[in-house]
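The two complexes that follow have chain A in common; it is paired with chain B in the first and with chain C in the second.
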Partner chain A sequence: MMDFLNYAINGLLLGQVYALLALGFVVIYRASKVFNFAQGELMLLGAYTVWSLSLGANLPPWLAIPVAFVAALAYGWLIERLFFSRLVGESVFSMVMVTIGLVILIRGVVLVIWGAADRQFPALLPTMPVIVGEVILPTSMLIGAGITLALTLSLWYFFNRTRAGLALTAVAEDPCTAISLGIAVKRAVTLAWMLGACIATIGAVILLNGRSLNVLSADVALAALPVALLAGLESIGGLMLAGAIVGIIQSLVAAYIDPKLGGSASSIVPFVFMLFILVVRPTGLFGWRNIERV
Partner chain B sequence: MDPSGIFFTSHGSDRALVRTRPQAAALALLIAALALAPLVLSERWIALGYAMFIAMIAVIGLQICTGYAGQVNLGQSAFMGVGAYGCAWLLHFPQMPVVLALVLGGVAAAIFGALFGLTAARIKGFYLALTTIAAQAIFYFLVLNLPGEWLGGAGGLHLDNLQLMGFSLGNDRSIYWLTLAALMIMTTGAFGIIRSRHGRSFEAVRDDDVAAGMMGINVAAAKARAFLVAAFYAGIAGGLWAIALRHVSVEQFTLFNSIWMIAMMIVGGLGSIVGALIGTILIQLAREGVVSLGPQLVDLIPSAGQDIVFASMNVLLGTVIVLFLLFEPKGVMHRIEISKRAYRLWPFPY
Partner chain C sequence: MSAPAPQDAPPLLAVDNLEVLYSRVILALKGVNLQVAKSGCTALLGPNGAGKSTTLKAISGMLSVEDGEVSSGGIQFAGDSVVDRDAQRMVASGVVHVVEGRKVLRHMTVEQNLVVGGHLRPSLTEVRRGLDQVYQTIPRLAALRTRTSGYLSGGEQQLMLIGRAMMANPRLLLIDEPSLGLAPMMIEEIFALLGHLRAKGMSLLIVEQNAQAALGLADHGYVLEGGRVVLEGTATQLKANEDIQEFYLGHQAGGERRNYREIKHYRRRKRWLG
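And then the complex of A and B:
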């Protein structure tokens, strides 16, 4: 029973980190209806920046992390300026295609600047686990869950209660109408990409804490896809619940089914679950239903 | 657009693929040149040639799914893998003839692809692309976790001593001719598909699926069919890949490969079969150029080092792809059409 509780709670915490990565998808989706396939590559940029600042430049963590966030904001701004500001009013299809092109481009940039070798990502968060009774909790995940909660609450407030956040939703709904109503569309989309890049960097710090880092680390972001879809791509508040569900399922499968199959069933369970969600309820738990007209 | 003075007297000749005698002559010359090329080219160019033909088949399938039916497909590489494993298994265990194994491998991939296309009944827009990412994950899982005797697990499957109609498939030339023949059949098939009822329904679904549904097209079935066709093409390409390399393993079929195929399609031009061919040639030549020019560049700029030169070529290719999307979303094919028209109309502007 204690084992079960251990697995479930650890799954819950892992799910919250997935929810944090999924926030990056959702923020960009809310502002432009674009599904950003390069989210994992944004995470990669953030992770390598943190690595350079803390191990390359030997900055202390309390300085390295904020500087990395500023750098991430700059990446988001640059990507929007270079690519997406030219596509305002174009079809969503071409914007999604640009994010796919960005996957190749950013991976190339990372390879040029940092090379293909494996690197040890600095352990900026404490690696000693916290032990409560018989439950063992990794500290970095615990901090991650806390950050996810704080970010979810503040982003929920931002998107649903503030003028700038509601403007983002209007921009996603119809950029041309938004322009004619006096909303600064380019500024809104820039804001979304800056937020997306910044969230990706936070995710990198928590998820890669003390682990090895290479170009393939970007694939982790795909693990956050099922979480974003279960919540519904528009929903910010639903992400934590969705993360908890996916995380717990994955962790329990890893604990009880993997040893029997002798393989890594846990790695595809989220994807199978995602297919199931998409077929049964395409809008996710809290996504918006749209009425389509010709 | 045809040059002036050419008129057709029947519907059949107006719809024909090869419409005039000069076109037929040009096509015959091209095919003859391609077929005779391995007699004069070096080993390396022959290998590049069949790698291109195989990639072209997969990209044509992607073009039908994404360029014509408008469904973003990130699973093309996984579908290729299913075809490769299917074909290799059939050649290895029941020892089937090559052609039969190829076709059945394609059918296996088509069934796998259609399973993901079927979710189109419930899902719209880009969610459909996300199910194809799941296809990639599930393909990896199945190959690596099925019992090792079935598909070889992480080590992959080996093939040797393949024969087709008495000819050994052990050398590069025969592989070249086999892939060229397959490419010609698949390209003709693709033109057939896009001019048929199904091809027209693909285009209608791409342009507006709600309107297409109102006109009586079964939208979900059309999307599933698009995935079926794409996966069949990928499966044939995968089977040829397995025969050409005489070895299959999972790491040949990654999500990143699917992204490269999308890049080839974009550079060539969305919504054009010939565009798929041209895009594949351009990107493959560029990548080959990177591989062969890389060492020379390293000699020129010794401070840069080998890794950086190779990686910066990736940046260059990535930039080119994004620039195409921003400034010429219709691809190289669109430019070719414009210049052909200008040539025919000269000296008049229109």
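And then the complex of A and C:
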């Protein structure tokens, strides 16, 4: 029983980091309807930047992290300016193809600048686990869950309660109407990419804390796609629940089914989930259903 | 009805020989002239495809969204040439366009829609003031504040859209077919509201199929057909015009000219009502 609880809680925490990565994804999707397959690569860029700043330039964490966030904002801005602002008026399909191009491009850039060797990602968060009774909790993941919660609440508040945020929600809902109301839609899209890149960097700091970093680290963000889909692509509030569901199931499968199969069924769990959602309920748990009044 | 502005006062909006191209090849407007007086109300009538909506989009800077452009002619608003202004700047200059097709932000509540409409207001206090004003002017909306706008009735949505436009504090409101699909009572309510706004000094340019309602409020009107103005005059003149009477007001043209006109009208009816 204790094992089960351990697995479930660790799955829950992992799910919250997925939710955090998915948050960046959702912010970009809402503003531009672009399904950004390169969210993991944005995380990769952020991760290597943190690595360079803290281990290369020897900055203390309290300085390295904010500087990395600023750099991430710049990456988001640059990517939007270079690629997506030129595609205004093109189909969403071609923009999604560009994000797939970005996957390859950013991985290539990372390989050229930082090389293919494994790097030790700095442990900016405590690595000592917290032990509650018999449950062992990695501190970085606990902090991560806290950050996910804080970020979810603030973004939810921003998008639903503030004037600037509601204007961005209007862009998410209907760009043409937003334009007719005098909202700067292009600026909203730029802002979304900046925010998306920044959130990806936060994810990197939590997820990679004290672990090894290489180009393949980006793959973890793929697990954030099903979380975003399960929540419903527009939903910010639903991500934590969706993350919990995907994380817990994945963790339990890893604990109880993987050993029996001798393989890693757990790593495909999120994607089985994704296919299931797409077939059964494409708008996810909390996504915007089409409101049709006849 | 409030007194129309004196003839010699410069109009608030003057559209001069406007030509509009879509996709660089489709000529939708072929030299349109029209004016809206300060605190005046102008009705723009015409059959489907005449270019009414296109005229509004050209004024509000919404053409670029549909790959359209003003290929020649001018638009003066409050004495400034505004042909090159995008929608964002037009809203900031005081021109708000309620586009055709009842574009509510469906998943947002009524109040959220209104707040978005007032996003250019300088402070939260100003937004609150705007909301109070809207709820006072349109009491029905106050009761619907927290409702998801996509589920409102067509009439409620139209009221909300007008409220949302009010939040931007427009000097000139462009409104495209506000009566579409609404019951007579609701149409009356909408036009009473528009009349109220006008009495408060807002200028209106109304595109309508319902000429009865539009000419009831307007002081001036234009009939557009095939991208050109084919008829213009004061509301009184237009209401007395036989073509308008027959095609828009549903009256019978009388007298011995009936037969001769029937042939001509039949042809035009097909175009006007097509």
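The rule we apply is simple: the second predicted complex is superposed on the first by the 283 of 294 C-alpha atoms of A that agree within 3 Å, B and C clash if a C-alpha of one lies under 4 Å from a C-alpha of the other, contacts with A are read in each partner's own complex, and residues count from 1 in each chain.
One rule holds in what follows: a contact is a pair of C-beta atoms (placed from the backbone, for glycine too) under 8 Å apart; a residue touches a chain by one contact, two chains touch by 3 or more.
This structure is a prediction, so every number in the text was calculated from the model and none was measured.
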Of the partners chain B and chain C, which touch A:Y7 in the superposed model: first, second, both, neither? neither
Is A:V98 contacted by the first partner chain B, the second partner chain C, both or neither? first
Partner chain in contact with A:L222 - chain B first, chain C second, else both or neither: first
Counting only touches as set out at the top, which of chain B and chain C does A:R86 meet: first, second, both, neither? first
With both complexes overlaid on chain A, does A:L111 touch chain B (first), chain C (second), both or neither? first
Output check: A:M274 vs chain B and chain C. Expected answer is one of first, second, both, neither. What do you get? first
Chain A residues touched by each partner, larger count belonging to chain B or chain C: B
Under the contact rule defined above, give the chain A residues that sit at the interface with chain B and also at the interface with chain C. 293
Quick one: in the complex, what on chain C touches chain A? 60, 62, 65, 67, 87-88, 90-92, 96-97, 99, 103, 105-108, 112, 115-121, 124, 127, 148, 150-151, 154, 164, 168
Chain A-touching residues of chain B, taken from the complex the two chains share: 70, 72, 74, 119, 121-127, 129-131, 133-134, 137-138, 140-141, 144-145, 208, 210-211, 214, 255-256, 259-260, 262-263, 266, 307-308, 310-319, 321-322, 325-326, 329
In the complex, the residues of chain A that touch chain C are 89, 160, 163-164, 166-167, 169-170, 173-174, 176-184, 234, 288, 291, 293
In the complex of these two chains, what residues of chain A are touching chain B? 35, 37, 83, 86-87, 92-94, 96-98, 100-109, 111-112, 115-116, 219, 222, 225, 229, 261-265, 267-268, 271-272, 274-275, 278-280, 282, 292-294
